[in-house]
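Let me begin by presenting the structure, written as structure tokens, before commenting on it.
The first chain written gets the first letter, and so on, giving A, B and C; residue counts start at 1 in each chain.
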Amino acid sequence: MKERVASLLEKVRNENPLIHNITNVVVTNFTANGLLALGASPVMAYAHEEVADMARIAGALVLNMGTLNAVEVEAMLLAGKAANERGVPVIFDPVGAGATPYRTEIARAIAGTVKLSAIRGNAAEIANVIGEAWAIKGVDSTGEGSVVELAQKAAKRLQTVVVVTGKEDVVADEQGVFIIANGHPLLTKVTGTGCLLTSVIGAFAAVETDVAFAAAAALACYGVAAELAYEQAGDNPGSFQIALLDALAIVSRVHVEERALIEGMNSHV
Amino acid sequence: MKERVASLLEKVRNENPLIHNITNVVVTNFTANGLLALGASPVMAYAHEEVADMARIAGALVLNMGTLNAVEVEAMLLAGKAANERGVPVIFDPVGAGATPYRTEIARAIAGTVKLSAIRGNAAEIANVIGEAWAIKGVDSTGEGSVVELAQKAAKRLQTVVVVTGKEDVVADEQGVFIIANGHPLLTKVTGTGCLLTSVIGAFAAVETDVAFAAAAALACYGVAAELAYEQAGDNPGSFQIALLDALAIVSRVHVEERALIEGMNSHV
Amino acid sequence: MKERVASLLEKVRNENPLIHNITNVVVTNFTANGLLALGASPVMAYAHEEVADMARIAGALVLNMGTLNAVEVEAMLLAGKAANERGVPVIFDPVGAGATPYRTEIARAIAGTVKLSAIRGNAAEIANVIGEAWAIKGVDSTGEGSVVELAQKAAKRLQTVVVVTGKEDVVADEQGVFIIANGHPLLTKVTGTGCLLTSVIGAFAAVETDVAFAAAAALACYGVAAELAYEQAGDNPGSFQIALLDALAIVSRVHVEERALIEGMNSHV
């Protein structure tokens, strides 16, 4: 499986897919630079007059509600509809679902209106999107078993690939589950590392129709890059942010084959 | 006093307060990363539908009008009202007050409508908020004595803690004054270092009810971090920005006790 | 000519011009930090209530439509009108003209409504603004001769200085052409390096009335800084972004006189 992951990474670089991001104002620069470093081609476009046109020519559309407002939500729906009509994969990041009633409501509205190829969040966000009780404060201490259950339940309920990130990352669809154990805790000390990951999943989904595998491959490559970054930067969050961009540019077939910790269960083996 | 400053820094890290920022589009990423590095938990939320909910669950609310517009100002007022009702401290950064009539007007409207725990600006901004004549071009050359007077006058007029930053930083309320002499001139070569400082004051005010002391402690710790950053990066503004984030993560009790230059006058001694 | 370029760089630093940017949400932080590093004074202001006031006191106004929307376009027109009335140079960056019909339309509307001192884009963007056929995908492979023709045609059509950036950069007005061969390919791996360049052209145009020469000098200094940055950072896009900011602060008369590759043709010799 590691070879297939490495090949997909190379395919992203060779095909240089255009990723249309409708994302939050905190992470725009970091997301664009991360996609560029990886070898994809980012574009940010928000105007109602153009989001459908942009989504149609993109390899993937990424919707991120980190600093949502009514105008931007409408842009997401317009872009999502156009992407759906054209078969462009749509990846959704329900940032902060559960933190306020408005976020929860909008996350559900987007998940219920746009046909998503995948959704990525932490356990609390995913639980809130499907209306499961999940203590936000308790996410970190939750056993991994239940995260798999949560991901599978969400995949069934939302009829899409579900990515739950945490100490270990879980990808679930109705066919099975991947578990990826790469990454580094310092990722939680840099803003937007989750948002960028969602966009990286978009880049992989743009060049691979098996979205669950594309997501799992993206998680493994991104996690390996984070490990390389930590080896450069250590416990320095500013330096780590920069080193992560550098690592996304250099992470290679060799790194992935040596370090990827990815296993598939059920039909994904 | 340095021990009390160092203890408050550790309290911020232990309590990891949620800081709700309604801030400008230039500094969102840097502000979020700076708060994360320090050990606080940043959130940016702007939608009218959710700002009150977010402000209510925050440890502090930070309002920054760097790239204000009418919609965002309304969001600030909604969030400020909710924070006031719940007793959440509100810190205000009147960026560019005096640069255009609109900024001056809005700064005064916010200061007159929201009950502020503290306001932070340079001397020209603070002077413009209270309608004092102050040459913006002349700020740097002004003697320190008059900055103390300005801060005290503003504290009395606005009935809040006033922080005036410059070569030396002044914190004033009706009980007295703190003067903090840490920091480094390279802070003026990186955008958003003042905005981030205002959010750091929010993080300290979230865990300490004596807001004047919280602000003084924040200034000392931030200034010491800047000194550490300069030792790493030298006169390189790009590297200094990153080194400042690194320094906010490592600045410790020992650094503060060795380097803090803070003195309180009157009842703050 | 290199001495005149170096002198203009020093003039920017000495005069520290205020550059009013109405720019996209991806590059605000990088643009502000780049201008600060160079020695200019950036301000971002978008509110309809203040853009005219801010443009009037600026040394140059930079309009960048990277993440345009109807409200922001209106702000650009208001600011542009005020700048024109006051004789403040206006520099326009038609980001993504041609990528969607809306972008093309707005780019033409701005170029047709605001009196521009200069416009900067890649060959496809400039071609789209003037309605010339130009394959976006083919930009990189196009011979340099036709880029000069394109720039000259656009300069005549738009009655302004036209800057077309690519492997070599071309500045054209009705009097002649400059060709600048500095820079580094890694600039294409960091988001916003073109946007920042447009703002740097604004900083040079703020202190030099010969806008074609100001643009050429800005291109040479920026390109030399990129070369210095590459010597620090190598093929690491994250590190290169930071090194470029450092280099903009240190690039000096000596660097420019040693490295600038700039030649003027016709009356610009």
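The working rule: a residue touches a chain if its C-beta (ideal position, glycine included) is under 8 Å from a C-beta of that chain, and two chains touch if they have at least 3 such contacts.
To keep track of the chains, here are their UniProt names: A, B, C = Hydroxyethylthiazole kinase.
What you see is a predicted model; the values in this text were computed from it and never measured.
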* Can you give the rotation angle that fits chain A onto its twin chain B by Cα atoms, in degrees and rounded to the nearest 5? -> 120
* Asked: Copies chain B and chain C touch; is their interface built from the same residue numbers (over half shared) or different ones?
  -> different
* **Distance between the centres, which are taken as Cα means, of chain C and chain B, whole angstrom** => 34
* Would you mind listing the residues of chain A that make contact with two or more other chains? => 25, 29, 241-242
* Structure fact -> Residue set of chain B touching chain A in the complex reads 25, 28-29, 32-33, 36-37, 42-50, 53-54, 57, 241-246, 249-250
* Structure fact -> Residue positions on chain C within touch of chain A in the complex are 24-27, 29-30, 66-70, 96, 99-103, 189-192, 235-239, 241-242
